[in-house]
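Please read through the structure below; I'll follow up with questions.
Letters A, B and C name the chains as they come in the text, with residue numbers starting at 1 for each one.
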Amino acid sequence: MTTTIERGAAAGADYLDQRTGVGAAVKGFARKIFPDHWSFLLGEVALYSFVVLLISGVFLTLFFVPSMAETHYEGPWAAMNGVEMSEAFASTLRLSFEVRGGLLMRQIHHWAALIFMASIVTHMMRVFFTGAFRKPRELNWLVGFVLMILGLLAGFSGYSLPDDVLSGNGLRITDGVVRSIPILGSYLSYFIFGGEFPGQDLIPRLFTVHVLLVPALILALIVVHLLMVVIHKHTQYPGSGRTDKNVVGFPLFPVYVAKAGGFFFVVFGIIALMGATMTINPVWNYGPYDPSPVSAGAQPDWYMLFLEGALRLMPGQGMEWGIGDYTLSLNVLIPAVVVPGILFSLLALYPFVEAFVTGDRKEHHVLDRPRNRPFRTAFGVAVLTAFLVLVVAGSNDLVAAHFYMSLNDLIRVFRVLFFVGPVLAFVITKRICLSLQRKDRELVLHGHETGRIVRFAHGEYIEVHKPLDQHERWLRVGYEPERPLEIAGPVDSRGVRRKGYRVDKFRQRVSKAFFEDRIEPVTPAELAAAHSHGAHDQLDAGHAPTPTRELEGTATGGGRTLAEPADGSAPDARNR
Amino acid sequence: MKALAARRHHRSAPVVLLLLALLVTGGLYAALAPSPAGAAEASESDIEVGSDLFAANCATCHGMNAEGTQDAPSLIGVGAASVDFQVGTGRMPMENNGPQALAKPPQFDDDQVAALAAYVASLGPGPEIPTQEQVDPAQGDPANGMQLFRTNCAMCHNAVGAGGALSEGKFAPALWDSSPKVIYEAMVTGPQAMPVFNNANITPEEKRDIISYVTAQREGSPGGAQLGSLGPVTEGLWAWIVGIGLLIACSVWIGAKSS
Amino acid sequence: MTDHNSSTDLTPRAGANLPERFSDPGHAPHKLRRADVDPAANKRAERQVVFLFALSVIGTIGFLVAYVMVPPGETVASMRLSNLLLGLGLFLGMFGIGAAAVHWAKTLMNDRERTEERHTLISSEETRNAAVQELKDGVEDSGIARRGVLKGAMVSALALAPLSIAVPLIGEVGEDWDISKFKHTIWRKGTRLASDPSGRPIRAAEVTMGSAFHVIPEDLDEQEHPLDEKAKAIVLMVRMDPRDLKEAPDREGWSYEGIVAYSKVCTHVGCPVALYEQQTHHLLCPCHQSTFDLADGARVVFGPANRPLPQLPITIDDEGYLVAQSDFHEPIGPSYWERLK
């Protein structure tokens, strides 16, 4: 017997289906399978913090006045009594001190913005290090990249809205950077500010950018981003039963409706907790914008610190060139335009570079374990290191003041570290990946150490090893390492020189540099040999499938003939 | 005596003897040790006391007549306020060479500081120690104080006085624990790298307004924890540590299989 | 290290009957949860979910109570309390729902893994051919083939049409586009140097050794756009021992008895350069740490700035007040393309 709710739902569904044909969508979508892993929730953090931004942002727009007209403050904040300020600043103060929940909403909004950018970066790192950007997802990578840039714009335009001294000095710096652009710069400055700095037009214009243009673009791109996830189906981590041709996981309804839907409330809750307990952007301490004051510790929000650091590290002497009557300010252009341009281009174009070098045209739906892609992982860590050096360089005066160091010495060190750090990080990370792969090989070949020592009657001691079960083993042997490219010869079958050979030769040289050092996964033959006294030198030469040299996993002693049953029936203290 | 001798092998005899020895030594020391140059007799005037203190503690660097040497500047004309500031906050006597003298527990008590100040003031006219009324925050206007503070002070000391970096290892200290009197004296004397803000640049009333603003910052923030009041860098750090940290923890919880 | 010669058991079992690589063993066996097996655990999990939802309700009620009963008030402490209570209520209200939903999914919902096949993305050969054919038919129907003039006319019209939006959008946004304003400030011969922000004119006698004054032109308030002019006109004035001051020959007379005045707008990217270190005469900019030596024409001694700060030539008027001798002799602030024109 159907309940009232069931009958109501049926009637509603029928009404809708008659008018929209929505039944097909429900059939296809309601129980769609999504794979499960915590790292897949990072993108959701970005999505949900954006929703929080929208909700809290609407609240703020009901009180914020985007105008630079002068007014005098009258309100409970004693330090601002009678002070002349713009309407924008005054409305921000009123929102913070007189509107119930106003300060909470402002703080939630700003913390959500920081979390939005941080989660975008974390999500991007997950996608990068697991190779989720490979075919067919290269376009989605680019969409995500543009979303990150739009997020930067949204944040920058947002924190400049209250028209306070800190963000106002940020705008002054922006004006200085824009003016350094050759030919167009001065006019671009007039374009942005509606005349000379600071002008009367900037805050209303930033408001339109921040509330209408950028959110609309972000929303549109989020729709594209998610649509592509639906079309491509989500990637999945390697493991038993997971192939490039299937998706293993749980149905959307009810599991992900509950988990992902619930996660929205978790994210909102945590951001609300931050807004309740931690002060952020206390504009009443900075004061309304005036071109004269500036505060120690003048930095933008964290996601702009890479730019700030680059500007601080660039030495200035000899960096401004005169071309006739005109001035080219490389001391500003290089850190503000060239360096970020290079770093961001590396990020945006990496999927295409990797595809070119590997010659890989297959679809990939199973993710990589980062250790199995040493070059890519090391490259990613190197770029991150460069960004990190810039971020810390952007905070150099705080580091100097609070750790009693010399500001100038810090700057000199960071100038060197910006170049040396990524190189070191690359080398170290690559070596760590290769070692982890060797460790995996060894685990497969020799099993887990059980800690049980057995003494034979003839006096020999050995430690008992427990071989991996087939599922554990599959995780560690189921990958294809990247190998240097094999290319066709310089001449074709008729002896004519082949067009495109030079490109291929270049490609092969690059891929050799990238992938020469690698660890091959354990083969059944190697495992069998390991079980028979670890005699891997008995292998047929034909089992090595590679055309160039290969690094072997070295086996150390232990784990001879006495092995524990693989079904786990032997006592084992390890928690697995 | 016999009773004592009979007990000379008692278990606690060494302890008693030790205590006795300590008592005797301490007493002798107290009686015979040269008193620090500050053990003043009530009849000496402050200036004379100060002169003795100066000779014992400051003259090595500042010269016997405070005329200055290669190591330290002349103190003629710096006024009582300078001495009250430098010695009262423990910056002087300077302990080791570094980019600047650091505040540390003062070496002298209030009377001794007053004596030193009186002596240095006697060498030449200079800024005086402010009166209680001159530095009373309740009588200052924090709004005017903020306008002045952010134009003249915030660039080194930070918008609310949380401190900031200067070049080559120098720094402008945080003002959280500075007393109103010390703030006034620093403004008027311009210690070390800090410029001098004489009473024509910032009038005494304006100085009191600034003090009113600075002390009002100690009430904390309406938004919750201040995170050091250091601006967006610390906010970003906490967003990553607390925000992303908690969110990743929740993600791991959500993705983990239930037992 | 294992020794290999202890037995003859060295015949390689590796051989033709072993596969070259391991293969996928298929799904691991499903592990049951406590709540699947033990009805008491199941009931307990349900109670926990209910508790979490209840926590959310309590949080929201707490929020509403705080909203009505704890206004922000007039003091920092009352504002902080209001913010805290509202925020904690919101946190519990939201987090409770989320935690309840997640706990429900984890402990009670069916957690058997399911598999779905992926379909290839690329369309089938016949679909692609059909699509291409449809497009070809469409082009033929349109009659555009071999009509070059038609194509050219269409493209020209479409390309030009956006100009009617773009030109006024861009053209009107820049006010009068008069970038020559960058070259001048409101400092003139005889303009008194005044204290920032009070506007009090400054006498030379008031500027004692080691002082740093923040300066604006006395007539700043009378300007039509005071902030725009202030952004160019701010000046830092200091006094040092004249023996420490190195004056270039073409700038003799620009200072007055050890008092020098320089533009406060950094020549790097425009922040106010204001951290004057009295003992070294160095002026540090807090934004990117450009450092200028005010005893030596404000030349750059460290940091990303390239040019020294422009100097304001000063002298005194007959009442002893400090006045400018003229405007700056070069555009203040950051460099721009046309700076030297």
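Simple rule for what comes next: a residue touches a chain if its C-beta (ideal position, glycine included) is under 8 Å from a C-beta of that chain, and two chains touch if they have at least 3 such contacts.
All figures in this text were calculated on a predicted structure; none of them were measured in a lab.
K.L.:
Starting from the Cα centroid of subunit B, hunt down the chain whose centroid lies farthest away.
P.N.:
Most remote chain from subunit B, centroid-wise, comes out as A.
K.L.:
Please list the single chain whose C-alpha centre lies closest to the global protein C-alpha centre.
P.N.:
Central chain: C.
K.L.:
Report, in whole Å, the distance between the mean C-alpha point of subunit A and the mean C-alpha point of subunit C.
P.N.:
Taking the mean C-alpha position of each chain, the two centres sit 18 Å apart.
K.L.:
Just give me the whole-number Å value for how far the CA centre of subunit A lies from that of subunit B.
P.N.:
Once rounded, the distance between the two centres reads 46 Å.
K.L.:
Any idea how many Å lie between the Cα centroids of subunit B and subunit C?
P.N.:
Their C-alpha centroids are separated by 37 Å.
K.L.:
Two-or-more-chain contact residues of subunit B, please, as numbers and ranges.
P.N.:
As it turns out, subunit B has residues touching two or more other chains at 147, 151, 155-156, 164, 166-167, 221-224, 253-254, 256.
K.L.:
Going by the contact rule already set, what residues in subunit A reach two or more other chains?
P.N.:
Correct list: 97, 103, 107, 259, 262-263, 266-267, 270, 276-277, 292-298, 396-397, 407-408.
K.L.:
On subunit C, where are the residues touching two or more other chains?
P.N.:
72, 75, 79, 83-84, 87, 102, 106, 111, 196-197, 214, 272, 274-275, 286, 289, 302
K.L.:
Which stretch or stretches of subunit C touch subunit A in the complex?
P.N.:
Residues in contact with subunit A: 1-2, 4, 6-7, 9-15, 18-22, 24-28, 67, 71-75, 79, 82-84, 86-88, 90-102, 104-106, 109-111, 113-118, 120-121, 170, 173-177, 179, 181-182, 196-197, 214, 216, 225, 227-228, 230-232, 234, 264-265, 268-272, 274-275, 286-290, 300, 302-307, 333-341.
K.L.:
Could you please specify the touching residues of subunit B with respect to subunit C in the complex?
P.N.:
So the residues of subunit B in touch with subunit C come to 147-148, 151-152, 155-156, 164, 166-167, 170, 190, 192-198, 200-201, 219-224, 253-254, 256-259.
K.L.:
If you look only at subunit A, which of its residues touch subunit B in the complex?
P.N.:
Answer in residue numbers: 36-42, 45, 78-83, 96-97, 103, 107, 110-111, 114-115, 118-119, 122, 165-166, 259, 262-263, 266-267, 270-271, 274, 276-282, 285-287, 292-303, 305, 394-398, 400-402, 404-409.
K.L.:
Which residues of subunit B touch subunit A in the complex?
P.N.:
Of all residues in subunit B, those touching subunit A are 99, 142-143, 145-147, 150-151, 154-160, 162-169, 171-172, 213, 216-217, 221-227, 229-240, 242-244, 246-248, 250-256.
K.L.:
What does subunit C use to touch subunit B in their complex?
P.N.:
31, 33-35, 72, 75-77, 79-80, 83-84, 87, 102, 106-107, 111, 195-197, 202-203, 206-214, 238, 272, 274-280, 282, 284, 286, 289, 291, 302
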